[in-house]
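Chain nomenclature is as follows: A, B, C, D, E and F, assigned in order of appearance, with residue numbering initiated at 1 for each chain independently.
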Amino acid sequence: MTDRPIVPMIEYEDASAEVRAVYDDIMATRKSDWVNKFWKVLAHDPAQLRRMWESLKQIMGPGALDPLTKELIYIAVSATNGCEYCTYSHTASARAKGMTDAMLMEVLAVTGKANETNRLANALRPPVDPQFQPKDI
Amino acid sequence: MTDRPIVPMIEYEDASAEVRAVYDDIMATRKSDWVNKFWKVLAHDPAQLRRMWESLKQIMGPGALDPLTKELIYIAVSATNGCEYCTYSHTASARAKGMTDAMLMEVLAVTGKANETNRLANALRPPVDPQFQPKDI
Amino acid sequence: MTDRPIVPMIEYEDASAEVRAVYDDIMATRKSDWVNKFWKVLAHDPAQLRRMWESLKQIMGPGALDPLTKELIYIAVSATNGCEYCTYSHTASARAKGMTDAMLMEVLAVTGKANETNRLANALRPPVDPQFQPKDI
Amino acid sequence: MTDRPIVPMIEYEDASAEVRAVYDDIMATRKSDWVNKFWKVLAHDPAQLRRMWESLKQIMGPGALDPLTKELIYIAVSATNGCEYCTYSHTASARAKGMTDAMLMEVLAVTGKANETNRLANALRPPVDPQFQPKDI
Amino acid sequence: MTDRPIVPMIEYEDASAEVRAVYDDIMATRKSDWVNKFWKVLAHDPAQLRRMWESLKQIMGPGALDPLTKELIYIAVSATNGCEYCTYSHTASARAKGMTDAMLMEVLAVTGKANETNRLANALRPPVDPQFQPKDI
Amino acid sequence: MTDRPIVPMIEYEDASAEVRAVYDDIMATRKSDWVNKFWKVLAHDPAQLRRMWESLKQIMGPGALDPLTKELIYIAVSATNGCEYCTYSHTASARAKGMTDAMLMEVLAVTGKANETNRLANALRPPVDPQFQPKDI
């Protein structure tokens, strides 16, 4: 028996107008014709769905960093937290934005190494070097 | 009373030849004249010190990703894990490689959002969409 | 091939008297006629089984907080840690105690947001405001 | 030497009109005359500051759950993640909303126990019981 | 200003008979004349204090594993979770039971490496090899 | 539909000479005739594959700690992080090195308890006792 989502997915045809508006914007923004299952479970709380989508759209768009770099960071965090769904979905998004396998393997090498040295620093407790203290403006 | 490191720091003048060789390579690689405290506590295990430095030097150097992007990923992972020392040291490294405050704030916006959606996906358990499944080569 | 539990489950009919006594108390306390699989793997260490059940029974019962609030907290922690089994079992327990889908979605909104701001605080390192310092009694 | 925040705090008198508008709403919503340091570091990204405050205000307000229950959940997550700043600030918020020491100790008992059983389940890998599978609507 | 504990510490002379009984057993078990601060904050919930101490005493005593090995595992988990207090207290306990600096450095090498490969496995998602599946009894 | 690995596995017959050399050393070191899937996905980055295998071989071999103790620590960390693959693979490795079920259950009791007290300490914030401060050499 396969595990089922904790709440049922809300498909487009069963969705309220408020939910459909978000689904429509997801598809328009991504230039795609489908909505992934993360949003279909989140749709049980339409206000949360809209808030999450609006903030994600702003955060992941171009800014001081380009969208591909942001997807790489998303993969690093999702691997650190062990989120299966997020690993698959953001690896797919990053590939769609140009991530090669060589880039993926380097993201993971850095992610793995950071997880390693984080624990060594947390366990050995070196004080922060004065040279690393942020300067006043 | 300030907390002390779990093991004493090994300063250059007290270090064995094996440890000094690593310290020298750290300074030469970074074109700097000091070694930060992380290495000075790790030096209690010279083999581990050398192995860690060698692998970090390889991983953080240029490759499919540039060194600044790698530092941004390091910050994202260190923030996710709550490593205080690593946050200070890698923020300083990233700034030395050109990270602006605007870039830092975007890294953190993505890191925070990934930590948020990771938990929503872990709690609501949507199945991985077939469209996200990796393709055979 | 489906993954198997790391140790086999110990069913009631194969259990020792010591293990059966705990299983009986679990069913009596919950007014149910079955024992869930978490306990059946833990039963490989009868002392640990009894200690865990006794402490869980005390902690999750009514006190300064009601049992439903405690289940909501359990869901928040399990989502944060990404424990699949615990997410399913404690969502089911919370529903049995009256949790609606609207309540679940709010628990997760708070859990997600806390995971997000935790990382921003860990990364930006604001000092604790004097107003937040606990007062002497 | 005390560690400094990664970016300087932006005080009200130095803030832009955009940032001041958020600070004003924080104080008005909380009926207080000061802004805590979390917001003063986040203010380096005014759009992120506003987005975070708006969403937090919506999520932590009354709904299917009361605001005190939401603060308890915030404490549970912050303890699980080990966020020092968040532990102090949300314990203070919860106390202001009526949390007693007895309630705090019960939140932590549940949080500790959930962190314990999460790892036992993750290590022993019992399958999810069919009785815990969510039902179709 | 130094951060203060979230609840005041309960000293022996101010403790109830119930709390003193636990403090006395801690000192008798450890053959020491002082109680560390973890217990003095936990004492705000005497039932939780007693339950925690009783279970910890049972778990950390000799069994299939010796007490020193158990302390090493405690250090590995505390480093992984980034618990500052636990790192100091369990490193001290392990040293009192015979841990050398060489042993500590090896515990941390394994802990760091496990944290690294955990993320690589979580990110790359290899299926569990049939050879690793637990066998029936 | 079963989830697929994020990158395809590289089998021995399709591997480059560089990758085969690592696979050969894995099998020779373990005196086995197969390579587990973790390495087959990591093989997409041959330099990372070799570096990871070399360091793991050094770290997990005999030293100040015996190889079985090191496997127990690996299980404790993998359970704490919730890494499914690592839990199965390192439990199997530990069993091959002599771990009994009684030893496994004790590792997990300590792991669970450490995860519990880590959160209580992180939430209640007792200062580190002077007696636990590391001494100068």
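Everything below uses one rule, namely that a contact is a pair of C-beta atoms (placed from the backbone, for glycine too) under 8 Å apart; a residue touches a chain by one contact, two chains touch by 3 or more.
Everything numeric here is computed off the predicted structure, so don't read it as measured data.
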Handout entry: Rotational angle, Cα trace of subunit B fitted to subunit E, multiple of 5°
Key = 120
Practice task
Have a look at A-C, B-C or A-E and name the one that copies the C-F interface, over half of its contact pairs being the same.
Solution key: A-C
Fill in the blank from the handout: If chain centres are mean C-alpha positions, then the most distant from subunit F is chain D
Fill in the blank from the handout: If chain centres are mean C-alpha positions, then the most distant from subunit A is chain E
Problem - Distance from subunit F to subunit D - Cα centre to Cα centre, in angstrom - result: 33
Fill in the blank from the handout: Between subunit A and subunit B, the Cα-mean centres are separated in Å by 20
Practice task
Scan subunit A for residues touching two or more other chains and write them down.
Solution key: 3-7, 55, 78, 80-84, 87-88, 91, 102, 105-106, 109, 111, 113, 115-120, 122-125, 128, 133-134
Exercise for the section: Considering only which chains touch which, label the overall pattern as line, ring, star, complete or other. Expected result: complete
Completion exercise
The residues of subunit F that touch subunit A in their complex are 3, 6-7, 44-45, 48, 81-83
Practice task
Enumerate the contact residues on subunit F facing subunit B in the complex.
Solution key: 1, 3-8, 47, 51, 55, 58, 128, 130, 133-134, 136-137
Handout entry: Complex interface listing, subunit A residues touching subunit B
Key = 2-7, 9, 34, 36-38, 40-42, 52, 55-56, 59-60, 63-65, 69-70, 72-74, 76-78, 80-81, 83-86, 88-92, 100, 102-103, 105-107, 109-111, 113-129, 131-134
Exercise for the section: Sort out for me which residues of subunit F touch subunit D in the complex. Expected result: 75, 78-80, 82, 84, 87-88, 108, 111-113, 115-120, 122-125
Practice task
Over in the complex, which subunit C residues touch subunit A? Could you list them?
Solution key: 82, 84, 87-88, 91, 101-102, 104-106, 109
